[in-house]
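Pasting the structures in now, so scroll down.
Presented sequentially are two complexes of chain A, the first with chain B as partner and the second with chain C.
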Partner chain A sequence: MMDESVSITQIVQRLKGTNLHSQLEKQAKECLHKPEIKLETLKDDVRRLLKASGWERKLQNAVYRELHILPPPGHPRAPPEHTKEPLAYMRKTQVNWEKRILKSLNSMCTELGIPLARKRPVAEQKELTNKWNEMGTDEPDLSKFRPVYAPKDFIEVLVGLKNPNNERSEDLTVRSHWGLIQVSLNVRDILQMVSLPFFISLPSIFLMSRHKELVSEQDSAAAQQYSRQGCPTGLRAQLWSLILNTTNDPEDITHYEQLKARVIHHDLLVDNLIYKDVKLTASNDDYYFVFEDYLYQVLLCFSRDTAVLEHFNYNCATPPKSCIQSKSGSEQCAVVYPPNGVIPFHGFSMYVAPLCFLYNEPSKLYSVFREMYIRYFFRLHSISSHPSGIVSLCLQFERLLQTHLPQLFYHLREIGAQPLRIAFKWIVRAFSGYLSTDQLLLLWDRILGYDSLEIVAVLATAVFVFRAENLMEVTSLASAEAVLADLSTLKVMPLLQIFLFATSV
Partner chain B sequence: MSAKAVSCTIKSPVALQIGDAVSDSSRPGVYITDITLAEPVNIQEISFKNYYTAYLTVRLQRREDGSAKWVTCLRNYCLMSNPHAEAGSHDYFSIYRHQMLTEPDNVTTVRLILRQPSSEWLNFSIEEINIYPCAKEDSERDVPAWISTLTPVEEPLDLNGLPDPETVSSSIQQMWALTEIMQASQTAVEGSYDVKLLSYT
Partner chain C sequence: MFPVWCNKLTLKQQTAGPKGAYSSQKKKEGVSAVLLRCVSLCFMLASCIHVSPCSDGDWDFNWCDVGWLRENFDHSYMEEHVRICHFRNHYELTRKNLMVKNLKRYRKTLEREAGRLEASKCDFFPCTFVLPSEYHIFVEEFKRSPGSTWIMKPVARSQGKGIFLFRKLKDIIDWKKDGSRSEEQKEEAQVESYVAQRYIENPYLIAGRKFDLRVYVLVTSYIPLKAWLYRDGFARFSNTRFSLSSIDDQYVHLTNVAVQKTSPDYDPEKGCKWQMQQLRQYLTAKHGFETVQTLFKEIDNIFIRSLLSVQKTIINDKHCFELYGYDILLDQDLKPWLIEVNASPSLTASSQEDYELKYRLLEDTLHIVDMEGRLTGKEKRVGGFDLMWNDGPVYTDVGLETLGSSCLVANTHLGCVNDRQKQLQQLLKPFPGQKRT
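Let's turn to the complex of A and B:
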């Protein structure tokens, strides 16, 4: 009960500072002019009118959104870093990993002689403003830049993650874990997932006809439930926006324009990293190369958005900082770099690319991407024990495979093709760039619907199960990778259904 | 919760295992830690930080009518729902009076029995143990509810009814201005954002 009232207080405090609060207050004031309002029943009448005009629903959606990103309740004596991540050895590994990234960025900066941030001269600002919608046509010299890190560097950190209080012998026994992840986290097995109506709710005619009402009712929670069975293509954009409670009000457009202005005024080193990433990944992809310009417009603004910093309330990662001397030279002040605290890595732009199929207005695309990042994607590249964190997902994949296809796992291990080394790149990108777009969007429907990234781990296992026969015949890591190189013909839902319901232990 | 912890002496844990503690290769699954209190205390709360203990049993020695009696006040309290997995292994816990099987009054010694049946972990223990006494007679908590409604209590939030719109809008404007300043100060110093190098802290 204590926890509940603390959460309620937190949510109300957060909503008090928002645009919604002032709008509600304005609406309430306008209600007072209506003739139906009586002084004796003022409170109830105003509430009734707000409900009828849809404002109560907006408030409900806002509260629902806050519940999604509320930091977990902690014990009063627990320090904040413990509440974000209780396991001390994971926090330590995350800190060391961040130090490595900082060193890499600093050395790139020193080698190239480029400052991490600089104000653009006026002429350059003008040029960029003119070119804003076609930044893709630019061909800057990016050969000197290299990504700060790639998934293959990150997997080594996760493989090296060890609990000092845990003794793992090298012996391969029936009871030991055959995979690369050496920590014991609670991850769900198939039985636990299907005992809830998890992942595969068969669409019913009744529910399908409701989708028009869903959009008109503007109910976040109902839209999220609906998304569990997949969204109709024509309504997906609206439904995702409803689930994430993103709006495209004048305030949101203004915020986006402000970010754009920040991009014009200051040039950041990470901008080059973003350019390089887009050129290396999305631009080379058959499905996404047309959206190159959108990707720049979203990612450059994303780097400047300090609103993203709030996700560090529940993310155990720490944003990088730098000391700036004030102009008078008297003070030193710590600022976050980049302003949103997130350093992009190789493949980062693939988190945005699929969304370009849904939204063509940059400010709308931006809002949806930002919300998806601060709810889900950040967990894919920070070290934590959260059930949707990358460590848990990798462990879940390995455990599912070892439990349900032990012969395959053993065979792959023997030929030096640890399954995680192949599946990791799929998991870290939530399959973006590996599945065909329509299938990917069906997968992401479920991520939103179930508010969890576990389905990514399950799909990775299902892919191995599907190609098990071919994999049993390969004799090297390279040939195993070749078998699993092309996932573009796979259909996500049948694959998941076969694995979850038809695979016997 | 601002009560101070009572001073106590925490003895080092004793392992319970069959066979010779030194030569036996298997690790103990039970530890016993005794905590002696300087004077008899009525316990309100015992708080601690877990380190891989799965189940906790608490026994108290109470001074009653001149003799000392041992009672169990908590039996196999689960700290880690799955003893083989990390969940709960580093968490902070508090055990309150109302959760205990018997009244923890006039307690002179507290005995903690720690169990960890899983062979996954090398060590397990309980750390940062604090014992908080009951509030004194004249503290705020014992004041009957109707008295506290007479004196205006400073509430950060008015959850009942709509607050006054004027104060709300002025405080929102102030908060907005403040967040703008804070955001600006996080991104720039006096309008400049000439970042040279990242710092390692």
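Let's turn to the complex of A and C:
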């Protein structure tokens, strides 16, 4: 009970002072002029009118959104880091990892003699403004830059995670865990997954009228429920936007324009990392290369968006700080760098690329991406015990595979092809760039619908199960990689169905 | 003419024989044994053992180029079962000037017989004039719309060669000086006619880039007209962002891969193509299901009417079939425009995916041509091909009761799922001795 009232207080606190709050007040005041309002029943009448005009629904959606990003409940005396991540050894590993990344970034900065941030001269600002819609035509010299880290670096950190209280015997038994992740976290097994209604029904045209209702009702929670079945292509953009409660109000557009202005005025070192990443990944993809310009427009703004710092309330990571020389040169103060606290890594732009299929107004695309990042994607590269965190997902993948295809797992292990080494890159990117776009969007429908990334781990297992026969024949890591190199022909929902239902009996 | 990507193709040196001609044993009984190999492997791999090169005239199936056709068709005697991949005067549809002439004439007839509304369904090609013969009416039209951009295309060239854009008459005045050639000279290789066409200045752009669509239509007979539409196809993107300010930059405006390949930006690994399915998904996500459904219906209309316009002109021949490559451009209002029709669509592949598409396309073409006589002739779908027109519109068998029985759904599925393997397995279950009707 106490938790609930604490949450309610928190949400009320957060919503106070937002634009929605002032709009509601305004609407309520306007209601007072209406003839139907009676003094005796003032409160009820105003509420009724707000409901009829759709404002109550907007408030509901806003509350619903806040529930998604509420920090985890904790003891009032516990320090925030403990609430965000209760396991001390995880916190420690995360801190060390952050130190490494920051060191790498700073040393690149020193080596290349490029400042972390620099104000652009007026001429350059003008040029950039003119070229804003075609930044992809720029060919800056990026050869000196290297990504700060790549998934293959990150996996080593996760593999090295150890609970100091856990004595792990060296013997490999049937009961022991054969995979790379050496920590024990509570992850859902297949029976538990199946009991969540993961049934997959094909949307039929009989439901078409329902789709239209959903959009006209503007109900976040209903849209989220609906998305569990997969969204029809023609309505996905609206439904996702509804689920994430992203609007394209004047305030959102203004906010985006402000970010754009920040990009124009200052050049950040991380911008080069973004350019490099886009050029290396999305630009080389047959389906995403057209969206190159949009990716810059989103990611450069994203780096400068301090509103993203809010997600560190529940993200166990800490925003990296760098020392910036003050104007007088005498002091050094630590500021968050980059401003949004997120250092991009190799493949980061692939979180944005699929969204370009749905949204082409940069401010809209931006809002949706940002919300997806602060709800889901951040968990894929920070070390925590959260069920949707990367550690849990990797562990879940390994456990599912070991439980259901022990022979395959054992075989792969023997030939030096630990399954996680192959699946990790899919999980970190939530399969973006590996599945064909239409299939990827169907997968992300479910991430939104179930508010969890677990389906990514389940899909990774299902892929191995699907190609098990071929995998049993391989004799090296390289050949295992080859069998699993091309996922572009896979159909996500049938694969999941076969895995979840055929194997759960 | 051979698919260039197959390096296994070392067809034994032709003597003076025609290119790409495959013989089989003359006897009918022997045919299935040999041809089956040819068909199932498709002729790219037919370099292997069971097919031998042949001398003039001794073939059952000829995938020839238009040059050979022009020289030899009239002198060849073809037995009943023989098949050849072009119609004698295919150029009525595929030469830009003749296509325009036929379309204009068809439109006029339609207007006379069925009224304005029906005729307006033919308004899918931009205003075009054949030069030099229509030079004067072209100038009149040009002057009526000052500032608009026009595109000049040589009549018989392909792959973007010889095309240029212009806005001022003086850009082509010099050309006109040489332009007073006689009609007979048109047939000669050196002399070219041109068409001047209103340039579509508001193409539909994806992420600032222009693209056009390549769609495949197979015609197995003109009288009666029987045409099939392939579900796969692709969108070819221009490598650079679209802008009207640089009409000299032909790289921007021409989306043919052949031209793109010489663009300084071109990265062969990049792939300037999207599969039709991808494009259809993208458009549906942007504009909704119904809008895109309507768009594709309009595209079907282009195929059907363009074929109807030459139906009476093309010399029908039961030995002939033809696989056309249609180039379609979309404008910002999602209206499709016909750019041109190719009788010999390129079969070279720019990527693995492209190779697979063209391989499947050819394989299904051979299934429809059906040299082994495995089909009944009543099929509405063979592999990736859907029967689009069979002396009249073709509708799907699946009735959608919820939408009412009055709603007939066209049997075309451009950009839809192509589960051809499954369909072919069911269709071609061995039925020995089955005759084609």
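Here, the second predicted complex is superposed on the first by the 481 of 505 C-alpha atoms of A that agree within 3 Å, B and C clash if a C-alpha of one lies under 4 Å from a C-alpha of the other, contacts with A are read in each partner's own complex, and residues count from 1 in each chain.
Note that in this section a residue touches a chain if its C-beta (ideal position, glycine included) is under 8 Å from a C-beta of that chain, and two chains touch if they have at least 3 such contacts.
Keep in mind it's a predicted model, so treat the numbers as computed, not measured.
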### Task
Based on the superposed arrangement around chain A, label chain B with chain C as either clash or fit.
fit
### Message
If you tally the residues of chain A touched by each partner, is the higher count for chain B or for chain C?
### Response
B
### Message
By the touch definition at the top of the document, which applies to A:Lys29: first (chain B), second (chain C), both, or neither?
### Response
first
### Query
Is A:Val336 touching the first partner chain B, the second partner chain C, both, or neither of them?
first
### Task
Please work out whether A:Tyr287 is in contact with chain B alone, chain C alone, both, or neither, and reply first, second, both or neither.
second
### Query
Where does A:Thr233 make contact in the superposed view: on chain B (first), on chain C (second), on both, or on neither?
second
### Query
Given the touch rule stated above, what does A:Lys51 touch, chain B (first), chain C (second), both, or neither?
neither
### Task
Considering only the touch criterion stated at the top, classify A:Lys131 as touching first (chain B), second (chain C), both, or neither.
neither
### Message
Quick check on the superposed pair: does A:Lys144 touch chain B, chain C, both, or neither? Answer first, second, both or neither.
### Response
neither
### Query
With the two structures placed on a shared chain A, what shortest C-alpha distance in Å links chain B and chain C?
32
#### Entry: Residues of chain A defined as touching chain B within the complex
8-9, 12-13, 16-17, 21-22, 25, 28-29, 43, 46, 74-78, 82, 86-88, 99, 102-103, 105-106, 109-110, 115-119, 163, 165-167, 183-186, 262, 266, 304, 306-307, 309, 320-328, 331, 333-337, 339, 385
#### Entry: Residues of chain C defined as touching chain A within the complex
206-209, 237, 240-241, 269-271, 273-274, 277-278, 281-282, 284-290, 292, 351, 353, 400, 402
### Summary
Counting only contacts in the complex, chain A reaches chain C at residues 133-134, 137, 205-206, 232-237, 283-284, 286-287, 289-294, 356-358, 360, 436-438
#### Entry: In the complex with chain A, residue positions of chain B that touch it
1, 47, 49, 51-52, 81-82, 84-87, 89-94, 120-124, 128, 156-157, 159, 161-162, 165, 168-169, 171-172, 175-176, 179, 183, 185-190, 192-201
